[in-house]
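Every chain is named by a letter (A, B, C, D, E and F) in the order it is written, and numbering of its residues begins at 1.
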Amino acid sequence: DFLHALDEVKPAFGTDDSELEDVLPFGIIEYSKGISHILKDGMLYVKTVKEQPNLRVMSVLLHGPRSSGKTALAAKIAQLSDFPFIKLITPASLVGYRDELAKKDYLHKLFTDAYKSPLSLLVIDNIERLIDWVPVGARFSGSILNTLVTLLQTPPPKGHRLLILATTSQRSVLEQLDVTTAFDNQIPVPAIQDLGELGAVLAQVGAFDGNYRRIIEDIQQTTRSSDVNVGIKTILTTLETAKLSESPEDWFVEQISGQIARYPSV
Amino acid sequence: DFLHALDEVKPAFGTDDSELEDVLPFGIIEYSKGISHILKDGMLYVKTVKEQPNLRVMSVLLHGPRSSGKTALAAKIAQLSDFPFIKLITPASLVGYRDELAKKDYLHKLFTDAYKSPLSLLVIDNIERLIDWVPVGARFSGSILNTLVTLLQTPPPKGHRLLILATTSQRSVLEQLDVTTAFDNQIPVPAIQDLGELGAVLAQVGAFDGNYRRIIEDIQQTTRSSDVNVGIKTILTTLETAKLSESPEDWFVEQISGQIARYPSV
Amino acid sequence: DFLHALDEVKPAFGTDDSELEDVLPFGIIEYSKGISHILKDGMLYVKTVKEQPNLRVMSVLLHGPRSSGKTALAAKIAQLSDFPFIKLITPASLVGYRDELAKKDYLHKLFTDAYKSPLSLLVIDNIERLIDWVPVGARFSGSILNTLVTLLQTPPPKGHRLLILATTSQRSVLEQLDVTTAFDNQIPVPAIQDLGELGAVLAQVGAFDGNYRRIIEDIQQTTRSSDVNVGIKTILTTLETAKLSESPEDWFVEQISGQIARYPSV
Amino acid sequence: DFLHALDEVKPAFGTDDSELEDVLPFGIIEYSKGISHILKDGMLYVKTVKEQPNLRVMSVLLHGPRSSGKTALAAKIAQLSDFPFIKLITPASLVGYRDELAKKDYLHKLFTDAYKSPLSLLVIDNIERLIDWVPVGARFSGSILNTLVTLLQTPPPKGHRLLILATTSQRSVLEQLDVTTAFDNQIPVPAIQDLGELGAVLAQVGAFDGNYRRIIEDIQQTTRSSDVNVGIKTILTTLETAKLSESPEDWFVEQISGQIARYPSV
Amino acid sequence: DFLHALDEVKPAFGTDDSELEDVLPFGIIEYSKGISHILKDGMLYVKTVKEQPNLRVMSVLLHGPRSSGKTALAAKIAQLSDFPFIKLITPASLVGYRDELAKKDYLHKLFTDAYKSPLSLLVIDNIERLIDWVPVGARFSGSILNTLVTLLQTPPPKGHRLLILATTSQRSVLEQLDVTTAFDNQIPVPAIQDLGELGAVLAQVGAFDGNYRRIIEDIQQTTRSSDVNVGIKTILTTLETAKLSESPEDWFVEQISGQIARYPSV
Amino acid sequence: DFLHALDEVKPAFGTDDSELEDVLPFGIIEYSKGISHILKDGMLYVKTVKEQPNLRVMSVLLHGPRSSGKTALAAKIAQLSDFPFIKLITPASLVGYRDELAKKDYLHKLFTDAYKSPLSLLVIDNIERLIDWVPVGARFSGSILNTLVTLLQTPPPKGHRLLILATTSQRSVLEQLDVTTAFDNQIPVPAIQDLGELGAVLAQVGAFDGNYRRIIEDIQQTTRSSDVNVGIKTILTTLETAKLSESPEDWFVEQISGQIARYPSV
């Protein structure tokens, strides 16, 4: 398939590669056809930036519910891009800076570094947290927001190209903030949608020694539905704790059924 | 029972232990089965962090009404964890710092210290007060909130693990602030629910020279209900003042009945 | 009675005593049984802090309408407590500090001083003004509020005890600010309630050469009610001006009747 | 009458006297009995502060519509008080200070100076402007407001006395700001109420060579009412411009009638 | 007429005169009787300040719709006043100062300079922009507003006089801000009201080689009304561009008709 | 046609020319008669500033939907103006400055530079982003807004002229902020309106080897309308990505139809 085909041409990277590996602890599991479509679309934008001289900057927004795998997929596209300069910007990278000014300077410096390379790719992870969004009082850092929005649209100097991949689990917030219009393209990243996809995940990771079918049935009985709407990250981390509990299967079924009940699909 | 079984394996601790002892002046009284369930759940998360390499950070929120024993239970789990680095962060630890910046730096430093140990446990006590929440005008320190939320989700460097236990008596506030979604797990800590549990407390602490049954009856007659919904801390401190009053039994019944009337269970 | 009995054991004090005397220009007049109840309750909390080792800090809120005698009563309890460290914190003690930071530092320093004594008592007078509360726009100093609330609940180091007596004439404001829940106990201080109590005051201070009965009747006729709801402070200061006016009795009746009309009891 | 009787005992003053004279360019005209009542009340408070040792501080608020003579009357009482320390604080005295902090310091310094004299009187003119009140958005300087309110209630050291006379034309604003309760007493200063009082003013200043009766009639015809509700200051300054116009009587009638129409009495 | 009569006595001025000339690029055209009334009123206030010793400061507000000639008329009155100190304060004079504090200092300095001259006149142009008024969120510089309002009412030292002429096109905003009450007098400056007045303007400037009658008719036909409600400044600048267009008459009719349609008279 | 005629007289420029070229990567395509009208209007204002001495400053606002070509057209007019001083101010030029003060200084400096040349032209691009407008909470930089509005209306010194071309895609926001009234003239820049204009674009750029007619038909069938309402910039950049996709025609039709559906014309 597309994903595995691409994996074979994955180049050796420099220092930043471990950074990307860090956000892919469980790799990319191809539990539905949507996964390779996302990667394919990402690679088309990589190619456009590489080859069309009139477009010096392009920005793409990956959006979807919490835990759906946005950060991992952006990192995967970055790994596959083969660009000489790749950098991941996360809320954690800003947390050590003392105030908005220092954070703004850091972002500005980062883009300036990117401009020096002929081909650069920046992953801007979790925009709503980068701008310190808090729904109470609709608070956010206006100065970081404005810096980001302006930098998203600023082309690097002649002879240089920049691709920006950003992620968010709060697209409607970004729309209210008028940030989405600053992106050239958008890619939706859905959660695991139904028990079929969940089964595919459990099968591929070899959970419960392969006896996952009973689990799927138990969840169906508990939730009386085949909808799931839980992110891949939640599934995989719940599995880790489940393994250590007294009764792994029951714990997993209980936790995931609880998640499904709490956040029903719409 | 589970709690006492665990107590026997309680390890000797270093400097931070007196800090934990300080918030356990009355120890942990097992007045209902819920208490050992809370400790058991806590220990499962301790184990997951210790043993699953793919999860470098995990965060758990203990929430419940005022005085229900959240801080004491988090401290108990920390004592039982046997982790080499344990630290308790309370509103009082921040009060001496002059401004938000200094407080943010302190928090950042504390997490950085934790990252140095292979296994660390941080108790973040009373989140709503750490972020200086005031309901009038929905005021709070956005910068401390954002620092905490980001640090909750930031993994320590490779080879290091971190478990975060946080407490709050204002879960609905944290939900509005979109903080609860940053936690991997939650543990509810209820107040003393009925006169049966209250009797168990009085029995175990040997209050009123064991003649607590009359007290329970008096409260039932005064409040015309067997509901209690008062936190264990309030019960125990009221007992202390009652002992010194001219008529300890009457004073205790009067005070506790007043509490029950003021905050009815829902 | 209780009050006079206690007065006899009043100890000799150090430097801070004149501070307390200053807010008691007219002493404590026992115009109703409620007065000695308030002092008795206060002394029970004094005793609890002195004698129960598990409670290192305790806080009590005296609340009531303007001029009802809150500050004087808190000062009286402090005088009677016989604690080696007593300090009165008023809005005037903060007014000379330049900004919120300096005020916060002053408060912090004051509590730190208190922690050094084995037994300390702090009177925090007029909380709503200490936090610069203004009803228009619900403005207040969040940082002073948060400092106070945290300090109210912070125990001194082992072997040290602290009793905090605070006063307010805006309890409903403090409730909105979620401050009242930070107190362990509350004591209501009512205004002078009816003409009987007013007569008791006039009798005890020997006003109008003892001919106060006509005054009471005149006020009753003017207001057509025996309700009063005016604070003891207003009564005593109005008396002082009245004495100098051309017709003292008439002036007093006119002023007090005006007060009664303006703020009817509810 | 009372006013003239007092004038004869007017003492010789020091440096501050010209300051007081400056706000009395037209002196005090006794156009109604209310004027001497105001001065009499003011002098009773002067006497109380002078002679009653238990009251170290007393504050009085003069309030009334714009131009009604509040500043002039406060200055007159100050002149008549014979106190060794008198100071007038106006918005203009604060305008040169750079920020709220400097203004706060100035006020604090001023009160501290007053505390040094055994008997002091401060006129705090136009409180709403001193606190920079703007109705749009209900803006004001919270820190100046809080400084003033606290200082109003802070007694000078033992052996010292302080009388504070404040003025405002926005009493309802001060009530919303909870400032009025900080005053011990209030004195209303009404505008000129009817054409009778207006005639008395014109007569006493010898306007229009004594032919003021036609003016009164013209105004009555124009406004079809004998109500006036215009401040004494507006009357006197309009007279000054009128004198220089081509047709003084017509100009005066036109302007004053316009004023009456614009702000009808309620 | 009055205006021309005055022009003949126009004195030679010093440095500030070019400043005044600059805001009068097209001079003052007397297109209606209202114009000389405005100048006459202005000169009466000039005379009052010059000759009445009891009034050391007087302030006048010229208000009217955008482009109606307020600045030009205030400058004309200033030119005609023959005062030794005249200064024009515009938003542009403040734009170079870095913050509110620097602007406040500049204003304070300017008034202090004015106080040094025995007779001074200040033109404060476009108050709403001087205070940085923005309707969204009702934002403005409170500190500049308060400085201006206080300075408007502060008399210079004895022996000195000050006349202040201010302009605004947002009188209703100033009324909400409670600024208008700080002025002693007000002068309305209307826009060009009908086609008769417009014709007078075109005639006096010799536009379209005197063939302006066809223009008036064309506008009447286009707008189907003889109302105009467009400011003199708009008329005169539109004429300048029209002259350079391919078809001056058509362009002028089109533009002015558009203006009339956009802002109909009420 | 007008555009091409003008192009021939395009002068050789200095350093700033590449700046202008940069925002014209695809040049100006004359896909409708409106394009040359916009350029003609622009040139009339250029001429007025050049030749009419009474108008030292003139400002024009180009407004229209996103991507409609506003920046490119303003740059084109600037290129054609033949002015010795031309400068383009974009959000990106401000992003490196640390705070509002530095940005304000930069703007002030820029205008001051412009004032030194006898004839200057400033392009102020994307006003809403220059003032950091965010719709949530209607946030913006008041100080940059006020600086811009004042500078728009400030004439350069005698003998100097300034033309300001500004662009915005948020005219209604600017109207709420009362900015539009500060402009002397406005030029609307519409999006591509119908499939006829879209066809003209595709024809002129030689897209799809000239076989664009099928594309137009496909879009018509997909959207069931001949309306377009998509900006020229979106059309041209989508073409660039389409060229690299597996099936260029389908991709282009899909993307543009999506755009048309998302933002229907009104």
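We take it that a residue touches a chain if its C-beta (ideal position, glycine included) is under 8 Å from a C-beta of that chain, and two chains touch if they have at least 3 such contacts.
What you see is a predicted model; the values in this text were computed from it and never measured.
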| item | value |
| --- | --- |
| Common touching chains of subunit E and subunit C | D |
| Chain separated most widely from subunit C, comparing mean CA positions | F |
| Interface sides of subunit A and subunit B: same vs different residues, half threshold | different |
| Chain centre separation in whole Å, for subunit E relative to subunit A (CA means) | 59 |
| Whole-Å gap separating subunit C and subunit F, where each centre is the average of the chain's CA atoms | 69 |
| Numbers and ranges of subunit E residues touching at least 2 other chains | none |
| Contact graph of the chains (line, ring, star, complete, other) | ring |
| Sites on subunit D touched by subunit E in the complex | 22, 25-26, 66, 91-92, 94-96, 98-99, 129, 132-137, 139, 236-237, 240-241, 243-245 |
| Footprint of subunit B on subunit C - complex, ascending | 44-45, 47-48, 51-52, 54-55, 101, 104-105, 108, 138, 140, 142-143, 145-147, 149-151, 153-155, 158, 176-178, 181, 184 |
